[in-house]
Each structure stands twice: as C-alpha cells, then as structure tokens.
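We just call them A, B, C and D in the order they show up, numbering each chain from 1.
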Amino acid sequence: MLHAANIAQQIPRAELACITDVDAAAAQACADALGGIRAGTDPGEMLKDPRIDAVVICSSTDTHAPLIIEAAEAGKHIFCEKPIDFDLAKIDRALAAVERAGVKLQIGFNRRFDANAIRIKSAIDRGEIGAPHRVHIISRDPAPPPAEYIKRSGGLFLDMMIHDFDMVRFLMGCEATEIYTMAGVMVDPAIGELGDVDTAVVMLRFQNGAIGTIENSRKTVYGYDQRMEVFGSEGSVEGENLYPNAVIRRGETISRDQPHYFFLERYEASYRNELQAFVEAVVNDDPVPVTGIDGRMPVVMGLAARRSYDEGRPVAL
Amino acid sequence: MLHAANIAQQIPRAELACITDVDAAAAQACADALGGIRAGTDPGEMLKDPRIDAVVICSSTDTHAPLIIEAAEAGKHIFCEKPIDFDLAKIDRALAAVERAGVKLQIGFNRRFDANAIRIKSAIDRGEIGAPHRVHIISRDPAPPPAEYIKRSGGLFLDMMIHDFDMVRFLMGCEATEIYTMAGVMVDPAIGELGDVDTAVVMLRFQNGAIGTIENSRKTVYGYDQRMEVFGSEGSVEGENLYPNAVIRRGETISRDQPHYFFLERYEASYRNELQAFVEAVVNDDPVPVTGIDGRMPVVMGLAARRSYDEGRPVAL
Amino acid sequence: MLHAANIAQQIPRAELACITDVDAAAAQACADALGGIRAGTDPGEMLKDPRIDAVVICSSTDTHAPLIIEAAEAGKHIFCEKPIDFDLAKIDRALAAVERAGVKLQIGFNRRFDANAIRIKSAIDRGEIGAPHRVHIISRDPAPPPAEYIKRSGGLFLDMMIHDFDMVRFLMGCEATEIYTMAGVMVDPAIGELGDVDTAVVMLRFQNGAIGTIENSRKTVYGYDQRMEVFGSEGSVEGENLYPNAVIRRGETISRDQPHYFFLERYEASYRNELQAFVEAVVNDDPVPVTGIDGRMPVVMGLAARRSYDEGRPVAL
Amino acid sequence: MLHAANIAQQIPRAELACITDVDAAAAQACADALGGIRAGTDPGEMLKDPRIDAVVICSSTDTHAPLIIEAAEAGKHIFCEKPIDFDLAKIDRALAAVERAGVKLQIGFNRRFDANAIRIKSAIDRGEIGAPHRVHIISRDPAPPPAEYIKRSGGLFLDMMIHDFDMVRFLMGCEATEIYTMAGVMVDPAIGELGDVDTAVVMLRFQNGAIGTIENSRKTVYGYDQRMEVFGSEGSVEGENLYPNAVIRRGETISRDQPHYFFLERYEASYRNELQAFVEAVVNDDPVPVTGIDGRMPVVMGLAARRSYDEGRPVAL
C-alpha cells in the first residue's frame, strides 16, 4: 500500500497501472483508495499487459524469486523488496533470469535513501573522514514482531540485520571478509523457542581493513533506535535518531519526546526516494542504485552471522 | 502551486476543481502539472460553478479582501493567505461579508500546524509548564526579498513578523495589551531607503501577565532560524530548528549541516496540515482552527509595532 | 569563604594573609579552615600591615564604598564584589579615591571569566559573527532569595540583572543608550510587597546599533538557567547551560539531568579565574580586566531599568 | 605531580608528607612547588617514617609490584596506579603481601570517579534501564604516545583498553566470560613494527548475559573521544563527551569547539575524587572502592584480548 501510494501520488514520471494481491479484497481496497486502479489476484495476467514497463514485488519472501523470474521473462523491469530469498541457489537463479532478460532489478534497501545515510556516504566519498577505520550501527526495534511473523522471517539476521549488512557494504564500498557473532534471547523467551535470537552483535572485518560492528535488539522502551557512526583517519560522522518534533522541555529533567516510533515514520521519505530512483533508472535507462548483487550479499552475510553464532567461532566470507 | 499540489495529491477528502491566475499561462502550467485541471483567469466565473464548495485565495495581498467578499457572496467557504489586508477597515468589510454569508473563513497562518508549535501549545494547555511568564520567538530569514517585493509587502511588521504575532497569540491564548519596538536597518541600506526596517525586536505585555519578545532579521548566513521558548512557573518548552539530516561530524569542530534553508522546506508539512484542517472543517461543518479575527489581530499588532518604532514609545493595543 | 579558599589554595602567586569579618567567630572559622591564617574584625588594623599588597572586599554592599576608600588611602590594591554601591555619588567618591591613590580596583563581575563568556567574546572580537545585531541573555535563578536578602539587595535590577548589564557591555564593547523595561511579580507576592519585581525583561539599544534583550526570573523548577546569544551579520554564537554530567537517558523521554543548580556550581571556575586575573594584574602591574567604570555603568543601567519600569517609558542612558 | 598537588591542596583530610622519585631533581621540583615538602629518591627510607599512613605509587609499571610489597610490609595503606603489572604471578604476589599485611590497596582506575560513569552506574543500580543487554565503550586518544612509551606500555590492550576493561566490569557488576578481538595497525606503521596495534575492537560476553563491545583508537583529529552506552530492557544511558565550553556557533555549519583534548583535562575531577575516596577509606577504615582484584581482572582481560587477536578465535576467561 505504501509503495502503491508513493507511485500513484508522489512520483510524477510513474503511473500506477494495477495492483495484484492473493487476497482479492485487499487488492481491491488498495486500488479503490488510489482512485480506480485495476485490481487482480493473478500477477501472470498483469505481466502480459504490454503497457506495463515495470513491477514492484512486495509479496511474502518465498514468492520473490519466482516472481522475479516470471517478471524478467515477461521483459518487465523489477523492483523487489528485501530479501530476495533465504536460499542462495534460488537467489542465483533469479539473478540469472534477470541477467538473461536484460531487465533492471532494484532491491528494496530503502535505508540507503535516507538523508542520514546519504550524508554519511557523501562524507566518506568526499574524504571528509579520511580512510574509514570503523563503522558501527545500532538498530533497535520498538517491539518484536508476532511469533507468526518470526517463524517465516528467516530469523533476526536475515530479517532485521539484513538492512544493516546492506548499510555497512554501502558505506564501506567493499565486502566483509570475516564475521563473528554474539547473540542471545533477552527480550522474549518465545523468540528463543522458535530457534531465533532477539539480541545480537556482530563484528566484521572489511576488505579496506576497517572493523565493523552491528547491534540489533527487537525491543526498546523508547521507540525506534537507528544510529550509526563511521570513524576514520580524518574524523567521524554519526547519524543520530530522528524525532517527530524538536521541542526541548525543561522541568524535572531536560527532555524531549521519544524518536519516531518505527520504520514507517522514520524512513517515510526513503521509501519514496528509492522508488523515485528506480523510476528514474527505468525512464532514463540508467543503472539501478541497488543491484541484484546488493540483494545477494546481505543474505550471505546473514547466513554467515548465524553460522558464527551456532558454531561459536569467526566465519570467513 | 504548493497549495494546489497539496489539495490535488495529499488531501483525499478534497478534489481540486480549477485554478485561476491573472497570468493565464501560469494558471495553465499549474493545471497541466496537476493532471488536467480546468484553468482560467476569472475567479468570478469559477465562483458560479455550483460544484465548487470552497476556494483557496493566494493572490497578491491587495486582492484578498475583494476576493473574500466575492467568494463569500457566492456562498463558498474560504481559505485565504495572510495577511487579509494592511487596512483594518478593509479587513472589517471582508469579515462582515463572511459573517453575513455564513461561510467559513480560515487564514493561512500555517505555522500553527508545525510539529514544534503543536507540541509547545499542547505543553501549555496540559499544564506542563504551569502559568506562562515569558514567550520568546526568534525568526530570521536566510536572505531579504527583492526590493520589488518589499515595496508591496507592507513592511517587516506586516509581512514577516505577522507570523510571530499570530504565534504569540496562539501560544498565550489571549491578547497583547502593549507593545514596544526597537528596530533598524542593519542588513541592507536599500531596505531602509524603501522606508522599511530589516531587523526588529518587539516587547509585548499579554492579558495573562506574561511578557513576550519577538525578534526578526531579514538575513542570516546559516539558513532559516525559527526558534521559540515559552517559560512558565513549572518549566520551559523550547522549539529548536529543524535540519535536513541528523548527522554530526567530528573534525576541526563538532558540527552539523545548516538547518533547512527557508520556509518551503522548513514548514512543508504545516502547509499540508493547514489545508487538511480546513477541508476537515468544511466537510464536517466544524469551526475552522484559524478564524477571521485571528487574521485581523496580527495586523493590529503589526501596525502598532510600526507606530511604536516611529514614535519611540510603547503603544497600547 | 570561596574567595579566601581560592586565594589560599588555587592561586600560587598569591598568599592569603588574614581574614576580617564583623562576626569574629566567622572570621576565625574561615581562618582555621585555611590553615592558621590570622583572623580579626577590624579591617583598619589589617590595612596597616605593610606586608599586605591587596585586599578582597566581599562584605555587605553598604560597606563597599567606605572600605574601598579606606583601602585606597592605605595604598592597597582592591578587588571588590559587585555592586560598588546603589548610589552613584558614593560610587564616584570611591572611584575618585582609587584614582588619587593610584591603586588598582577590580570589580567582581566573575561571569566575564566563564568559559562560555570568554568564547563568545573571542568569537565577536575575531569577527566570527561579523557586526553584532543582537544580544540576548537569559538569566533565571532556581529560587528567590529570602525576604531579608531582597530588602537589602537593591532590587532585581541592581542585584541580579546587574551581572547581565555587565555582560552586554562586555560583549558589545560599547555603552547602551536607551533602555525599556517590562516587569512584574509572577513568582512570589511577598517580593511585590517589598516593592521589588521577580520577573523582568529589558530591551536596550547600543552605540554600535545592536539591540539587546535581557530576561530575568527569580525562579525556575529546573535549576540555574544561564544562556546567551549574540547574532551578527556573519553568524551567531550561543552559550548553552552547563551540566553536572553529560549522560543522556532514553526511556519515557530522551532526557538528561538538570543543569547545575546555582551559581556556586555553575560559575565555580570563574570565581577562581577572576581572582587569578586580579593577582596577575597586581603582580605584573598590568591593567585590571574589570575596572571601576565597569562597576559603575551596570548600576547606571539598573537604575535606568527601574525608572523605565516605574514610568512606563523608554529611558535614555 | 597531579596526585601530589591534589593531596596537598584539594583533600583537607590528607597531608602530603614527602615525595620520592628516582630523579632527585624532579622530586625536589615537585616538593618545592607544593610548598616545602620533603623530597627524596629512596622510597624505603620514607616507608620507615611512622608518621606516614599511606603511599601513592605512580612510578613506572615494572616497579608497582615490588613497591606494593615493600609498602605493605611497612604497614602502609597503598594507592597504586594501574596496571599493577603485566604479569599475573607478580600481581598475585603483590596482592598476597597486601592481604598478609592487612593494609588497604586501591588501584588507580580513576574513570570510575568521573561524573558520567557515576551517573551511568547509578542508573543501572537504581533500575533505570532494567536488565543490561549491551554495553558499548568508545575510547579514542587524540594522538599516539611516542614509540619509547609504547615499547614499555604493555601494548594497547594493557595500557589503553585496560581502563575500558575496568569500566565494563564496574558497570556490569560481574565478570566477562569470553572475549573476541579484531585489531590492526591503521594509525602509524611504527606502532606495528613494535608488535602493537593502534586500533582495536573487542566483543565480550558477561556472566549476566549482556554483550559488550569496546573500541579503541590511538588517534583522532578531534581530541579525546570518551563515550559509552549501556542499553537494557527498560532504557538506555549514554555518556557523551565533555567540552571546554558550551558555545554553539551558527555559520557555515552549526558547530561547537572540539571536546577536551586529552585525559588531564577530561578526567581532572576524577583524579581528585579517587584520591579523596582513598583518603576517606583510610581515615574511616572503610573498604576501598577499587580493590586489588579490580586491578587484576583487567590485566587478565587484556592478556586474553591480545591472545584472541593473535590466534584469531574467541578466548574464554
């Protein structure tokens, strides 16, 4: 719905053609809300429509790879939500189909399009901090998802930390070569019963020599905590949280309201910007800013992080 | 254009019917950009259309009062940009026409719909700071407008400080009774040659006993400076500037980028919110949140501020 | 006691010779605490001691002028707490005695020696903010003094705002030419019954064209509020409050502890630094950094501020 | 010299009796500066003086253990700078001597006495953040020490990170059970030639389940970077850097001056406070706040961190 509304209302060079959902009523509701768009349940039918140039895949993760293949074979450009799949072989088949078809594929790592990430990346690229020595990301959710979601999520490393794996690759501009994980169940024992963890810290070594750390928690009492710092030979840049207002209160303490509660508020602009960038790439026939390889590597990293946790040792990438 | 785009794209319960502008090409360009809206140069013709419920007046200030009267007599609800007029008699005639017609009139004091203002107002209303003793507003533009604009603007007190006069009334919830002004030409002598000032500070006494100060400057080297503090018996609330990102850089200094450059970026959401509120008031037949009297009083204050400056003495309101 | 301990322990080039106090026990207690210093109740006797080079006068305000005269006539250099007196004629007689004797006189405007004030002054002097257009000082005490103190204090303008009058002169580097006051009793009616106010705002015009505002309150619920901003053609510098720690807590709100509670904690270093500077001036025969005129002008300003309040009009200085 | 001046001038219940240094001139200079204290080169002679209750050992690290033993056998209470030694057997012999003699031994982990550390520890102890899940410490020096110093320093883990090992133990209130290190030479190849690293990150598991990370760098371009955060089930507390002033400048950027340059400025108060606490413990016969075990465990951790780095695997503690 978010993506559909962005395309329909916020991106002048794109036109929303139709909506499909396995739930026909959901598809119809979305189509109605956006002003008489065509709705359906069969993506295959939609892919036959020659007036359609591109598709946005935001269905459940297990459908991503087959839909990418189907769309690529239909010659459509593709925007697909992360992760492509939890299985590298399936990812590789999907990427091969995209390659064969010569269509564009952009993966939905929206945080690259956040103002903080853009500013930090540009600081690195312009030499404002010299050679990067360290990257540290804090990513904490306000509350864990329901058990049903966790079961199908691929676990913390592939569902939640995957965004941070993408971010460290994006910021460092190179690959990680080694990963070590400490993790545990500190928030909710039910998450542990599902075989997952709810708190994790990983340490990474990058090809440029820099050392990375990422920490995730499924729960804070104070909203969505999304911070990062890159430290280098000439300085440091740190992205702080964003807030719904900038009002300071002086009373028993000196305080401000909590940061944005969760990702829809916090990353609102980035969802619009990533689709805008995809549409520009399609319209101008430019390379997409987040490629299939960018979709694959964070899955490799997430699988390795989990293996390091399971085996209690550093894992080479 | 901003208001038109907001109505067309951001406010689901409103539909943009047509655009008029004395410049036919401008009207057409705006209408085209928003997807085939009707365009014209004659508001009178548009006002005859029975399918139109409400109008948004954002033409030059001298046309506000006559257009309000014309729209009220046509039975349309009215949103009008500030100021209604520089002449209180003209304002009173316009408000009388609105009263007679029984239509709604909302004045475009958009800053009341800014997240900082909303939070500060709610802090006061909920007793978070006790009885207000002080209100202080800093409002500094990044650069002065062109001389042509200044000539027709009514001067700093009616063009720029009028927003702050509205804000102190909104926050204090009562009227000012006395005003004293110090001002000068510090930014650009050309502004002085036009009989205007570019830097001003006013002090106000309110009916609730609180003392207010407002300071304006037409120029900073660091973007748009929009801060305010209300101090009371139980604490203080202070609205800080808003920034395009939340990235801190540690290098020669500990720094962040400048705040938003000017009002379009800084108050973007408030422009959407004020029209949203107007549309809700019209659709639900509720009172508008910024009334004709709210439009009149800041003009009274602006005229008194100027008189205080001219006569070098405090002026009763 | 504070000054005595600073001289005895913190300023290597000074030696504390003796302590006098009208209360013999208090003098003795202070002398004992500082390790066997001579104590007495008669300053005249002490002034005969040829080994004593300088005196620090921190008795009640009504004794300042006579003690200055007595010390000057004894050829001692003088550090005297603010204010010299509430009566300009008495101040002038004291300054004349100092002039005749050729001794040094430094007035205890300690805030000039605070790190924030030093940094802001140096920013102005180095051109970091260009030509000053505005200076704004917020000075709020955590709690009003006892009625007994207020009776003898000279009132808010001569007791409390006098520090801010000194600060604006220090920062602007020129005199104020006009002052306008709004004030009231908002904190405690008992203060009003003594003929004093507890909340005041003054507006000042300076010789350099800049406009100043100072606001004082006798009471906050959040400790000592000591902030100031100077805005100019090339930027702005703002001194924020100082805090006992730099710990941020993220919970129901994002908060930190209140700032330093009152002047002893907040301005601790400045009390040491002002005496250090006095001792250096004496030892090196350099000019003192805060002169007799610097002690006189804030009294002139305080008297004018009160007159403006009493007469409801701006007062020329 | 710092400790001597603190005892001589800042701690009323202690008296500085004498100074010894292998460099007689240095001892004399220090003694003269503090006002006629006895100076010498032989600690053994001093230890015979029955009027001396306690000693402060701040000689080079290799002398710590023998001096502790000598002082303990002379029945003196001991304050000793960190680290006790790089060799655990020597540490154990020194601690055994202290135990036998029944004297007090406090180790100089001054940062526990810093206002940020005290506030964070009290937040944890009072339940403000619930159960700790994470602790993260950033500790970066402004510039690497000379090669001569590095040679004798024990390396980054025993010289620099040792403070952070103490801090995580202090904050968590339990021991670490596992450690994993990534490190490198990023600042200066000369440090690598000495077999040391200049940049390191360690990950720790604690007995309470929490996961810790510590990062060190020998060089920033922006002064001394000393931050830490503890995150728990009910919130987070974060200690920010301390600054020489609290002045914000608005110009090309919104900036403030760099934080305190190095440990003498940053931790000034903590050096005074730790000795104050030692003196109180001696005078009141209370337990010292930082014990011999507190001195031993960070050495264990530093040795394990180095082993983890050398062997590329997590090391159990």
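Observations, loosely collected:
By our rule, a contact is a pair of C-beta atoms (placed from the backbone, for glycine too) under 8 Å apart; a residue touches a chain by one contact, two chains touch by 3 or more.
The shown structure was predicted, so the numbers you read here are calculated from the model rather than taken from an experiment.
Annotation of chain A and chain D: jointly contacted by B, C, touch as defined at the top.
Residue-numbered contact pairs of A-D overlap by over half with those of B-C, the repeat interface among B-C, A-B or B-D. Centre to centre, using the average C-alpha position, chain C and chain D are separated by 39 Å. Centroid to centroid, with C-alpha atoms defining each point, chain A and chain C lie 57 Å apart. In chain B, the positions touching at least two other chains are 220-222, 225, 234-236, 249-251, 257.
Chain B meets chain D in the complex at residues 220-222, 225, 243, 249-259. Listed in rising order, the residues of chain C touching chain B in the complex are 130-131, 133-134, 136, 140, 178, 180, 182-184, 186-187, 199, 201, 203, 205, 209, 211, 213, 215, 217, 219-222, 225, 231, 233-236, 312-314. For chain C in complex with chain D, the residues that touch the partner chain are 9-10, 12, 33, 115-116, 118-120, 123, 128-129, 234-242, 244-251, 257.
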